[in-house]
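Heads up, the next two complexes both have subunit A, just with different partners, subunit B and then subunit C.
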Partner chain A sequence: MRKTVQIVAVSILCCLATLALCAGWVTPYSYSHQFRELPNAAPSANHLLGTDSLGRDLLSRILYGTRVSLFLAPLAALMTTIIAGALGVTAGLLGGWYERIILSLADLSMALPLVFVLIALRAMLPLDVAPAVSVAVTFLLLGLLGWPSSLRVVWAAARNIRESDYLLLARSHGTGFGRIMFRHVFPNLRPILLAQFWISIPFFVLTETTLSMLGLGVMEPMPSWGNLLRGLENVSAVGANPWKFTPLVLLILVVICFQAILPSQEEST
Partner chain B sequence: MKNWLPTLGRRLLWLASVTILGGFLSATLVRYSPGYGTDERELDFRLNQSSVEAIRNGHSHEGSLVGFYGKYLFAAAHGDFGISESLQQPISGLIKERLPVTLRSVLLGMFVAWSAAFALAVSSLFSRGWIFGLPGTLLSGFLLALPSAVVALFSVYLRAPVFVAIAAVTFPRLFRYTRNLLKDALAQPHVLAARARGIGRTRIFLRHVFPPAAPGLVALLGISVSIAFGSAVPIEALCDSAGIGQLAWSAAMNRDMPLIMSLTLVVTVITIISNSLAADAASLFKRAA
Partner chain C sequence: MRRTLTLVTAFVALVFAGLVRAQSGGELHFCLHGEPKTFNPILVDDEAAENVRYLTGGVLIRLNRQTQELEPGLATSWQVSKDGRSVTFHLRKGLVFSDGTPFTSEDVAYTMKSLMDPQVHSPTGDAFRSGEGALDVQTPSSDVVKITFPAPVAGLERQFDQVAILSAHSPKKEMAVLGPFYVSEYKAGSYVQLKRNPNYWKHDAQGKPLPYLDGIRLDIQRNRDIELLRFRRGELQLINRLDAEGFQHLRQDDPSAVRDAGAGLDAEEMWFNQSPTAPLTGEKGKWFRTTEFRRAVSMAINRDDLCRIVFDGLAKPAYGPVSPANHFWFNSALPAPKPDPDGALRLLSGAGFRYANNELRDSKGNRVEFTLVTNSGNAVREKMATMIQQDLAQIGIKMNVVTLDFPSLIERMTRTFDYDACLMGLVNTDLDPNGVMTVWLSSGENHQWYPAQKTPATPWEAEIDKLMHEQASSLVELDRKKKFDRVQQIAYEQQPFIYLINKDALVAYAPSLVGTSPSVLTPQAFWNVDTIRLGSPAALESQK
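Let's look at the complex of A and B:
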């Protein structure tokens, strides 16, 4: 049953990723092209999901927005996993002062709510940056700041490896540092790092959405799911145009798919 | 009593050092952020050269980072966080006015979330069939897939109070973790033995399931404070609730650096205190178990 759910989830994500990659062929309009005579238009043959309040084709914006959210969140998750992996392995294997300093740093980072830190940091950068720069800044901040919770998990696993018999045996045989890392440590950490990577993706997608909805994430006219969901703020317009919920439905579907393909606890340990 | 003093001392030292370090980091970022030290009044064409110079001289005392932070920390220790650049009001007054609103929402939200999560987790584990388990899993899965800003929008649509939105964001995480902790405790061999002897469910829960799960649950309480405060920012901003979350958002939008720095410091202290208390309580429970 679990396998079937995972296959369905992966298929949905692959379909969406393909559609997003082929956005230029799927829809003839640019995400920023305005049809000024058609603001808030209902779905039609020309605009399958209608238009937004500025007369831009909603399907184009959703597909290009999916490209931004669906491809950059994994990049940020990869960055987070690499940072958490490097610091967690250093703390777990070396111990002593390295361990104390790195764990204290993680505690300090975890003490503050991530959204709060992101908002504070984003505010310290210029708000009127180019849309492409705002995308890079948003996901870079997510990637650089999301590591503390993953670090704790990697550190615990690395500490277990440090105390394992096979590592003791390898050390007693005089195995070099590089060989220990690549033959014994990383293969044993791989499932945990992979699980942390998958866990981070939906989390970053949701955080980007919140930041962009607050006007501190991806800037207009560049679409992202957060930007698209800002259209929901106008209650009366949404009530009259229920298809404006499409980005939200898509977001929920994608996050649920990512949650479904997460390895179970037994698989990740 | 003897053991308590060094622990308390260590905790206070940790709290002070983390606060100072956190404040220093935020001061560094503020000091070197683009546009620092510029004042929009300088662009006012009605002002003559000497007025512009006077405005620039007003920022000259903030020259070096250490001096800037030292003065800020000294003033903050005396309850003076400076003046908000965007609102032109004393920051300490703004915090005093807004913090109770957020604290009330966060505490009420946490209470609702904890009650719902605990009740659903216990019911799903002890009831036969799927009647409680499935709705809990589906509800938490759905809420986990919603960004907190969207939850805030729904609460605006439904005219629900802010604490309900905070509870909706906090609940799914609490439910899943609580259920896993209780499930692990329920799977212990001594619980199976107790069941085999025909001991009642309530007694099994209170004597054999809850005590081993309690340290984890108390530690989760500390984390839930951080989750609730984090969700308060978008929720208060979108629900137009006059708390520190909304203040932080408006400070961010107006690049009001002194206000952001002070709010960061306040939230750091609150979350660290709650995490420390939760960690201490968890270790107490562990020892008692």
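Let's look at the complex of A and C:
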């Protein structure tokens, strides 16, 4: 049953990814072109999902927005997992001052509210950047700042490995550091690192959404799920144009899919 | 029997009087959008405190927000001297403050001296500071006061609309008022309770004492959505400043609950950074200082679309520094521009720019590209910026949009000057051009495109400086108007600020409010608060 759910989830994600990659062929309109005589238009043969408040084709914006959110969020998650993995293993295996310093850094980072840190960092960046660069920068910042919670998990697992009998045995046999890492430590950490990676993807999608809701995520006119969801701010307009819920439905669907493909507890162990 | 009849008649009369009183009274509820920083009227510097001052303060002269004409207040008449330095007021006799202390010329003298005291730092007093020297106040009698300023003050009488008179002798000082209401209770962060001033001097046409309302409860509420919700629930009877979105929400529920007073004084505008010390890359500084470039950008923007799409038609295209809502100072001779991308390209071509393959390049072949900054979280400005982006793409200009949190934006605008162009709003409450001196004088801190210049950077800025100084010292209104018309014309030709729209003044009233009449001037919804009342269903029917 779980396998079936995972297959369905992967299929949905693959379909979405394919549609997003082929956005240029699926929809004839640019995501930024404003049909100013058609703001908030209902779905029609020309605009299958209608238009947004500025008259832009909603289907085009959703597909291009999916491209941004669906591809950059995993990259940010990968970056976070690598950082958390490297620091977590160092702290967990070496212990002592390394452990104290790294954990203190993680605690400090966790104490800082992520959104405010991102706002401050965004304000320090040069203004003269293209929208594509601003998108990359947003996700890069998310990736660089999102590691502390994953680190705690990796560190705990690495510490257990440090105290394990098989590592003690390997050391007593004079096994080298590289071999210990790649033959004993990383294979045992792999399920945890994978889980952290999959968990981080929806987290970053949602963080980008939050940032965009604050007007600080992906810059106009480039779409992302975050700035598409800003269309839901106008409650009365949404009530009259229910198709504007499409980005929200898509976001929920994708988050559920990512959760579904997470390895289960048994699979992890 | 006769005695019984008399008693019954007296009882019926009392009950009737009570009913009439009940119909006139009641408590009005609405929101302040921030904490009032002070109740001292001469220290007022924020909107919430200004609203409280308007509701409680008695002034010598009141500006009628509907006609925009001055009307007698505590003064029955006034004369300004020919040199514009002095004004003599003849005061109403027999008036008393809310605490019962009598009102005399000594109170006016005390207020003016407090207002002009350099130690007090009164923002209201700044409008009267026209030159070095001391203020002279003479009180030849209890109902005459002559105030002499060290130098002429342009538009002197109008400034008194902001001067709430303090009591010189009351132990309560600023809490003793001459306005329609007094502050009876204040709970920080929660509410300000106002009660009817029984000693208020005004009466209606039937001779009935004003105000009609028994009191006003001002709830301190920063969140506009909560304010809207409470209005819909019937917990509030009035919303003073509505945005277009809130207006549409309420209009859907009940079209009679909302009123559009027309184009207001508030404007949205963009400008290019012309500061020579700004860390601009490449040729940007040169483009931004080119008049044709700024005019072409202005010509390419479709203001009608901004009003229609972003503001749901609840705004009017703006093209000059003065809104048409400002009846006297608006220069109606300036033609309303229409979006003209072809004209913009001709203008740019004349200035050495070249348009090819949908790209605009300067004479050195650089692609014309800049970044517009605005404050984050403001959906309206973000939409405006996105629409301007498409308008400018038509003439080959690539405009990026960046939103920043407000403190970062202000830092860039006022300290580092690290930005290309900015989109912001201007909240204007003063009709007189003297209120915007710091914007138009090249030395001004609010001369946003290049603030605090030591000497004017361009001949047209020098001309504006000269005209602004001249109008400020002129005492003939028509002469001042002529000079400020010229300032508006220069601003129109040079486009240092590219004015985009004037937002409509939007308010909401509960159906139970009678006697409302929204204005484009602050306070839009309750400027005539002393004649507003909560009506009975019968009164509402008769009003319909």
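Rule of thumb we're sticking to: the second predicted complex is superposed on the first by the 262 of 269 C-alpha atoms of A that agree within 3 Å, B and C clash if a C-alpha of one lies under 4 Å from a C-alpha of the other, contacts with A are read in each partner's own complex, and residues count from 1 in each chain.
The criterion applied here is as follows: contacts are C-beta pairs under 8 Å (C-beta built on N, C-alpha and C of every residue); 3 or more make two chains touch, one makes a residue touch a chain.
In this text the structure is predicted, and so the values were computed from the model without any measurement.
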Assess the superposed three-chain arrangement around subunit A: do subunit B and subunit C clash, or do they fit?
-> clash
Pick one for A:Ser53: touches subunit B only (first), subunit C only (second), both, or neither.
-> second
Of subunit B and subunit C, the partner touching more residues of subunit A is B
Mind working out whether A:Ala42 is in touch with subunit B, subunit C, both or neither, as first, second, both or neither?
-> neither
Is A:Ala130 in contact with subunit B, with subunit C, with both, or with neither (first, second, both, neither)?
-> second
After superposition on the shared chain, which partner residues are touched by A:Leu206: those of subunit B (first), subunit C (second), both, or neither?
-> first
Applying the touch criterion given at the start, work out whether A:Met110 contacts subunit B, subunit C, both or neither, answering first, second, both or neither.
-> first
Is A:Ile119 in contact with subunit B, with subunit C, with both, or with neither (first, second, both, neither)?
-> both
Which of subunit B and subunit C A:Met219 touches, first, second, both or neither | second
Clash check vs subunit C: of 45-53, 189-197, 207-215 or 261-269 in subunit B, the offending stretch is 45-53
Which subunit A residues come up in both lists, the one for subunit B and the one for subunit C?
-> 119, 122-123, 127, 214-216, 233, 235
Complex contact set, residues of subunit A against subunit C | 32-34, 36, 39, 53-55, 119, 122-123, 127-131, 134, 214-216, 219-221, 230, 233-236
Subunit A contact footprint on subunit B (complex, rising order) | 18, 21-22, 26, 29-30, 33-35, 141-142, 144-150, 153, 156-157, 226-227, 229-231, 233-234, 237-238, 248-249, 251-253, 255, 257, 260, 263-264, 267-268, 271-272, 275
Interface with subunit A, subunit C side, in the complex: residues 245, 248-249, 252, 281, 302, 305, 309, 371, 373, 375-379, 382-383, 385-387, 389-390, 400-405, 408, 418-420
Touching subunit B in the complex, subunit A uses residues 107-108, 110-117, 119-127, 202, 206-207, 209-210, 213-216, 226, 229, 232-233, 235, 248, 251-252, 255-256, 259
